[in-house]
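Next up, some structures in structure tokens.
In the two complexes that follow, chain A is the common piece, with chain B as its partner first and chain C second.
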Partner chain A sequence: MFSGPIAGAIEYAGRATNVPRRIGCGLGRIGGLAQGLIVPASLLMAWSVWARLGWLPEQILPPPSEVFGAMRDTIDDGTLLSSTLTSLRRVAEGFFAGAVFGLAFGFVTGASRLAESLFAPLFLTLSQVPTLGWIPILVLFVGIDELLKILVIGWAAFIPVALNTAQGVRDVPRTYLELGRVLSLSRLSTLRSIILPSAVPSIFTGLREGLANSWQTLVAVELIASFEGLGYLMAYGRQLFQLELVLVAMIVVGLIGLSIHLLLSLIESHLQRWNPRGQS
Partner chain B sequence: MTSSVMDVRNELVRAPDRKLAVAPSTPRLRPLIVPIILLALWEIAAHTGLADPRFLPTLEAIAVRGVKEFAEDGLTSDLTASLARDLLGFVVGASVGVALGLALGFSRLLERLLSPLLLAHRQIALFAWVPLISMWFGGGEAGKLVFIALAAFQPALTNTWQGVAGIPKIYRELSRVLTYDGWDFAVVIALPGALPGIFTGLHAALIYAWTSTVGAELLLDIAPGIGGRMNEGQHLFHIDLLFLCVFLLGLIGMVFNLIAGAAERRLLRWRRS
Partner chain C sequence: MKLVHLAALVAGLALAAPASAETLIRIGYPGTGLDDRAYGYGDYPAVAHVQKLVEAEFADQPDVKVTWTFFRGAGPALNESLAAGQLDFAAGLGDLPSIVGRSRGLDTKFLASAGTHDALYLAVPPNSTIQNIDDLKGHKVAQFRGTNLQIATDRALEAHKLTEKDIRFVSLDSNAATAALVSGAVEASFGGAEYIDLAKRGVIKIIYSTKNDDPTLGRNAGLFVTGAFEKAHPDYTGKVVHAFVKAARFAADEANRAAVFEIWAKSGLPAESFAADFSDERLAHRVTPVIDAFIVNRYKDQANRAKAYGLLKKDVDVDSWFETKYLQQALVDLKLEHFWPTYDADGKVVTEGDVEHTKAVSN
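Right after this comes the complex of A and B.
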């Protein structure tokens, strides 16, 4: 991590987004799973019973049947799929851009003390501004089209990727680097066979946090300024007081969040297998 | 270098919160070089007309706007409104989060019952709650507060829970050997053991709350607050106001980070020794 108290703080803030491993494990146990279903199942039951008895106004919570109906309708007319694809494309583009620049920036500031002292403080200062706070200015500069979304989502991904990459590169054990020098490895082979493998866990942490940030930011930016996508679907449903549409979009947002989480856990456990030191 | 010197050096470099962590050879002013160059370029571009002043006002113009805003009590009341909203939401959300996190950490049953629900809740991006919250609680003050509290709740809960769960098994066994009851265990072992996790959670909650304050002010009904002024700046094309607001947002974020970091170090000092 970058040096200085702010960096420490950012590190904490970033780390906090990690799901405790224990939750993931707890879910794996079948017995725990059955117990875990008690509360959601009773909530669902209470919801449908109350709705049937007419105790819940539809503006507060439409009955489950209506939510499923809205889901079927939006699937049938294609809006749900096209909104989802639009949102996924935006996240992919923004995350990719942010990750590429973040990796480059992280590598340079992690490897070079000079680069770190020149650029890291400025970067850390800028990263203190909540990402959404840039939107009003950016709207004036680039309008509300795709570029706005890519910039905001990209910046959200850039911060954790750059921080963690720099940390990973900086924390390469000195003895490994000395070994490389003893073996008179070229710069390229040092990078490929020493720095990169050693920094991978940290880089991966950065990418994971970056993707999570991108997804969070996507929803926000689509609520603020867009005419398609899941965030827009929600804003639209809210304007028309169609709460079932809002809930459908929330369910899809949750499912995608869950898939991202599971996919990353899978990749991570795969990566950890060959890395004897394990995730930091 | 001998290995012991290397060790000391590594130790210093690792410690993220020490001044020494900046390499001793780094000239103190070097971090200022790039910002100064950028600001100088900005001034030159703004003064020579290279950049459209509607988009890039001179730095003096922003400063003048700032002085005027604060002198005429424009931004002062907005700043107070935002901070009050932020801190109230933070206190509510973080206390519920810490309390629930402790409960989950202590009770296996509660953990089994609630963890799938909480895991599902985690997956839904925070801002996806905004439309629902605004329909349930309105877009006014209540809706904003609920959203900010929700933002603070999640990291406080997760880290507290993790903190209690991370208490070494030996300590738990020790408490059984000493025949501690639940209360003694909680006060003597669990709380001190979970403290670092709780602080991490509170720190993150502070940052999340601030981010969501900005988000709530931009997304929900316009009300006094920095976000409301940014909406105004965007619609009236007052870019000096926007730059000023971004500067304030960053400044407050930084102050929160510094305060939380200092508090953490001070309160956890006993762990170092």
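Right after this comes the complex of A and C.
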């Protein structure tokens, strides 16, 4: 059905994203959650002990107490909340744009061989350029304001969404489609009751990866040129040697990323409830 | 066969470089020239670098090697390198980053001043409606965070009843800020001599400068050694300070005015920019290694202000930071005890220096 390097790349992308999915579902369980806390808690303890014994110079890794102090300070003065909201808004906008275009592009290239042969080579070439590699050229076109951030974040989301959607649409089992033909389903009904449900796992893999990419890219974009956001908070902390501020931002970024990840897993297993294989 | 070659090579290397005897003196400089050129400007460490004065000090000691690293990320990046144990000396490190480093427990000794009264300029695009600092409110302005530009900026703002929160500061380094200003990505930028040439060419205009303003508004820098290096090599520390004081002596002498500007021009900035930067100002006004009441007070004041501005979390003990015995020795050895003027805490001249009587060769 598909052959050549393009299909290979798509398959590879699909395979690579299966790994975090399994981990995500494991964390979703309550027992898994408790288990999942063992390692972070031990690391935190080790960090406290190391800091107390003075094995870690403060200028390399400040003690946990200082990090929590900085967290309290930034919560009290509102910096943390406003930075977080700014970053969340940027991710929401960029991810939404990237996901909408990615879904549309994925559906078209997945459903139409002609569209695939027209667009896929260029798309796959461009998607090889690291997202941050676009920044120097984008700055010249759109400056350093919001649009730059939305574009870079959007592009980071677009790639996995488009790749996985295309794969999901293409991978609909032929027998399902034949069944649809036997039942004389209209095109719309085929899309709604056969293609979409069957492509959901793949699409969600793409969305989840896209969201993770957006979130990671956001931080990198905000590090470069901005005056608010969590990435900015990190850059600020670095330049003023306030590593506890960097760590506070890292913690928030990590926790939000984890929440988004778990939320998407929940939505996915809800949409997948018809499929015994999709439930994990 | 190959193995034999390899063994011979390893043996050869071992003979060529007796690792135990070699001492590396690693000097860091907070900044680069245009397009990341490995040259500094505006201070005597840049002169010491070009004239290889530190290297010359160890000319008869082939086992001592001197390396220079120029940090595009300026003071904050240099601090990180210090924290990682990759530097022994910081030459020309600005007041804010050095104070911030000390507040974080970086073990450094303040050996000598590396400059004071350094001017701050505010540049805007030529067609800008921003006329002065007061107009900056709400605008997007480039700032090199964590460097002595930041605290100088904050102080200038304070003098105009503004704070950082009134302005949308975008963190950009000097080279990036210039590009952003010229392309219109930011509406104004605080910086140093790098803007003078652009203003002359009409690419930007300078609407404010701390020059001829309150003397305490200027930027300061210092020469530092790590506590570990000073402890292990007090003799080398003395020699390095000696070399830097020689450089300061050269760079403060009006007879060398043109030569000094030419040396700084290796950074890629034209010599005319320095002439403009230093117009109506004697070199020694800024180029001085002397730690007098003015310098001590400047650092105490900057540390207090940095804390008030939220740039520091802890108090910094300034008094115990200075280690001036190497400087005093170098000044005696070079017969320069009365060469530089000294100032009181408020910046008024206490004693005139001999350098005040040096005359420019021409003009």
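Please note the rule applied: the second predicted complex is superposed on the first by the 221 of 280 C-alpha atoms of A that agree within 3 Å, B and C clash if a C-alpha of one lies under 4 Å from a C-alpha of the other, contacts with A are read in each partner's own complex, and residues count from 1 in each chain.
The working rule: contacts are C-beta pairs under 8 Å (C-beta built on N, C-alpha and C of every residue); 3 or more make two chains touch, one makes a residue touch a chain.
Everything numeric in this text was worked out from a predicted model, so none of it was measured.
In the superposed model, A:P57 lies in contact with chain C only, and not with chain B. Touch criterion met: A:R238 reaches chain B and chain C at once.
Touch criterion not met for A:L264: it reaches neither chain B nor chain C. In the superposition on chain A, A:F227 makes contact with chain C only, while chain B stays out of contact range.
More residues of chain A lie in touch with B than with the remaining chain of the pair chain B and chain C. Judged by the touch definition given at the top, the superposed model places A:A115 against neither chain B nor chain C. By the touch criterion defined above, A:G143 reaches chain C but does not reach chain B. Contact with chain B, but none with chain C, is seen for A:L37 once the two complexes are overlaid on the shared chain.
Judged by the touch definition given at the top, the superposed model places A:V253 against chain B, while chain C stays out of reach. Shared contact residues of chain A, touching chain B in one structure and chain C in the other: 59-60, 139-140, 235, 238, 241, 243.
Remark: chain B residues 6, 10, 13-14, 16-17, 21-23, 25-27, 30-31, 33-35, 38, 55, 109, 111-120, 122-132, 134-136, 155, 158-159, 161-162, 165, 200-201, 203-204, 207-208, 210-211, 214-215, 218-219, 230-231, 233-234, 237, 239, 242-243, 245-246, 249-251, 253-254, 257-258, 260-262 touch chain A in the complex.
Across the complex, chain A meets chain C through its residues 57-60, 139-140, 143-144, 225-227, 232, 235-236, 238-243. In the complex of the two chains, the chain C residues touching chain A come out as 76, 79, 83-84, 97, 100-101, 103-106, 140, 145-146, 168-172, 180, 183-186, 311-313.
Chain A makes touch with chain B in their complex at residues 1, 3-13, 15-17, 19-20, 22-23, 26-27, 32-33, 35-40, 43, 59-60, 113, 117-122, 125-126, 128-137, 139-141, 170-171, 174, 215-216, 218-220, 223-224, 230-231, 234-235, 237-238, 241, 243, 246-247, 249-250, 253-255, 257-258, 261.
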